[in-house]
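There are two complexes below, and they share subunit A, which is joined by subunit B in the first and by subunit C in the second.
Moving on to the complex of A and B:
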């Protein structure tokens, strides 16, 4: 376990400063938007969402780079010589990348709250609700939104873990080619094949595991009604079948085992 | 020999992907998983 912690620290030292610098840029961007929100009224939603769109692309690029950098920086012989299982390397890289993406997601969430929600909540008023009921409703709505985030986070981590595993294994498998020529195209082909296998595999396992109970993924709360006398509080929950989710989890675990095996036994410098 | 076998299996997956895309189309492939996921919404109404 100490070896795993040492690998984690190495990854954090390597990528921490860049991640903090990017988070700083995102925070500065949120502050700019907050100060110009009156003037840029219509432009605020796209300008707020724009950096969020880049985060998944950044994750995929960093997943690809995390292994490539070891080989191009000629540190790979050190990594391969370490007396640790291959999954230590894979998991430490993935966890640090997850931490980085989590940091960006937290900054994005804070920015959305600051720019789009904070002031509206302070000046909230409704002709139908008294101030105390209105405030209680807002608190309940925010709590529901928070619970939705909590429900979605494990699914998001699973999807990122699957994407990381696919990129990791396709890159490692392309190193099995004896010549460096053609490795990139082989890597892309394997990437497509593994992506397809995971998608179709989750579908097949979803059919096989259809007996599993449904799981909640999001919750919502709002008020409906036409007059102050006839108001309804609607509490709604979105659920999905657990089968495909469990299927994807099993396939991802298998992919990490395969990546670990390739790293320990087959891949060379 | 073992490496060749691994590469062949992985490239066979890529070939499977192309064949599946050709015969079923990308919409069907994407849609099938969402069909199994079967997202649904349950709502509870409460008078205020």
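Moving on to the complex of A and C:
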């Protein structure tokens, strides 16, 4: 674990400054929106969500770059000479990238709450609900949103892990071909093929694992009642079939094992 | 492996299913590096063509040859960075891989360090991966080579970076040390300093040192054995003193004659 911790620390040091700089930009963006929220009322929600839309693209680009930079900077000679399993290198890079995306997501969530939600909640009033019932409704809404986020996070991590694994293996597989030109194109073609195989594989495994119980992915909530004096908060849980999720998990693990094998046994410098 | 074919009562005579057991060999008696008919091709180039040799423990071997003769390829094969297309490479009896990397110190020809790390951070990063790291040797090498611990690697001169790479390779009690052109592009005063450091750090009798270089004059006093490559083939392999004695001149002069 000492070796893994050293790799993890190296990745954090290497990518931390960029991540903090981007987080700073996002915070600055949120401050701008907060100050102009009265004037840009209708534009605030799309402007708040706009940077979030770039996060997946940013993740894909960073995943590609995190490996490519080791080769272009010739650091692969150092990393591949280390007596560690290949997955140490892959996983340390993925975890740091995950932390980076988590940081952006946290900044986004904070910005959305402060700019678009906080004031509305503070000044919440309803002609149909008493203050105590209204406050209880707000608390229940926030709790539901929090639980949904908690349920969605593992699924999000799995999807990012699969995407990272696909990019990683595509890049390494393209290094196996004796090409002097066009390696990027080959890498993209392998990536597309691998992505399709993962998608179909998860679907097929989902069929094979259809006997597994369904798993929750989100929490829903609504109000029912005939009058202001008789209202019920109804909670429900949105579930999905566990088969494709477990299938994707297994395929992702296989992908990381393949990446580890390629790094240790096949890729040459 | 012991040759047993045709000898009554041996594994070969007993048939395929009979277990073939290697006689126990003391760790120190095992060859440190073995190449058996190793071929390595790159697109359009045969980098190595049937290279065979065995290095025992405790020798300093000069790997010499012109540019493109296959020196770096040979070192990378031993370091586990490349795999042969044909033939067999063994390090301490093992196929190069994770286990051998723990026992091999490899200094590549290229500058592979992170520019954003300081010298101290680089040492700290690398030492965490190797159980054979020698802090005292690291300290002595740092003093001998005059490296500033707090300076960023990116701010070091080419010569200083070469020295740092050497500290990383020589601070370990590795069984096999592979140095690929450690003096390349270094000014003459630094070269002699680096050669002295190699000599000071090397543990005679315990470690095997394979040093690829063009700077034969500066380094030939180090060599116990010389291996000369020409266009992927070993054209000269012998004891350095014997070669000097036979030829009556330096290894440098002999090399010039062999390579034409």
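Here, the second predicted complex is superposed on the first by the 261 of 269 C-alpha atoms of A that agree within 3 Å, B and C clash if a C-alpha of one lies under 4 Å from a C-alpha of the other, contacts with A are read in each partner's own complex, and residues count from 1 in each chain.
The rule is simple: a residue touches a chain if its C-beta (ideal position, glycine included) is under 8 Å from a C-beta of that chain, and two chains touch if they have at least 3 such contacts.
What you see is a predicted model, and the numbers here were worked out from it, not measured in a lab.
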Winner by number of subunit A residues touched, once subunit B and subunit C are compared: B
Touched partner set for A:51, first subunit B, second subunit C, both or neither: neither
Touched partner set for A:259, first subunit B, second subunit C, both or neither: neither
Touching partner for A:14 - first (subunit B), second (subunit C), both, neither: second
Which of subunit B and subunit C A:165 touches, first, second, both or neither: neither
Subunit C-contacting residues of subunit A that also contact subunit B: 266
Touch list for subunit A against partner subunit B, complex: 133, 170, 173, 176-177, 186, 189-190, 192-197, 199-200, 202-203, 206-207, 210, 214, 217, 223, 225, 231-241, 243-245, 262, 266
Residues of subunit B defined as touching subunit A within the complex: 2-3, 6-7, 10-17, 20, 29-30, 32-33, 36-48
In the complex, subunit A residues that touch subunit C: 2-3, 5-6, 9-10, 13-14, 73-78, 80-85, 178, 180, 264-266, 268-269
Contact set on subunit C toward subunit A in their complex: 42-43, 76, 79-83, 97-99, 101-102, 104, 106, 108, 110-117, 121, 125-126, 128-130
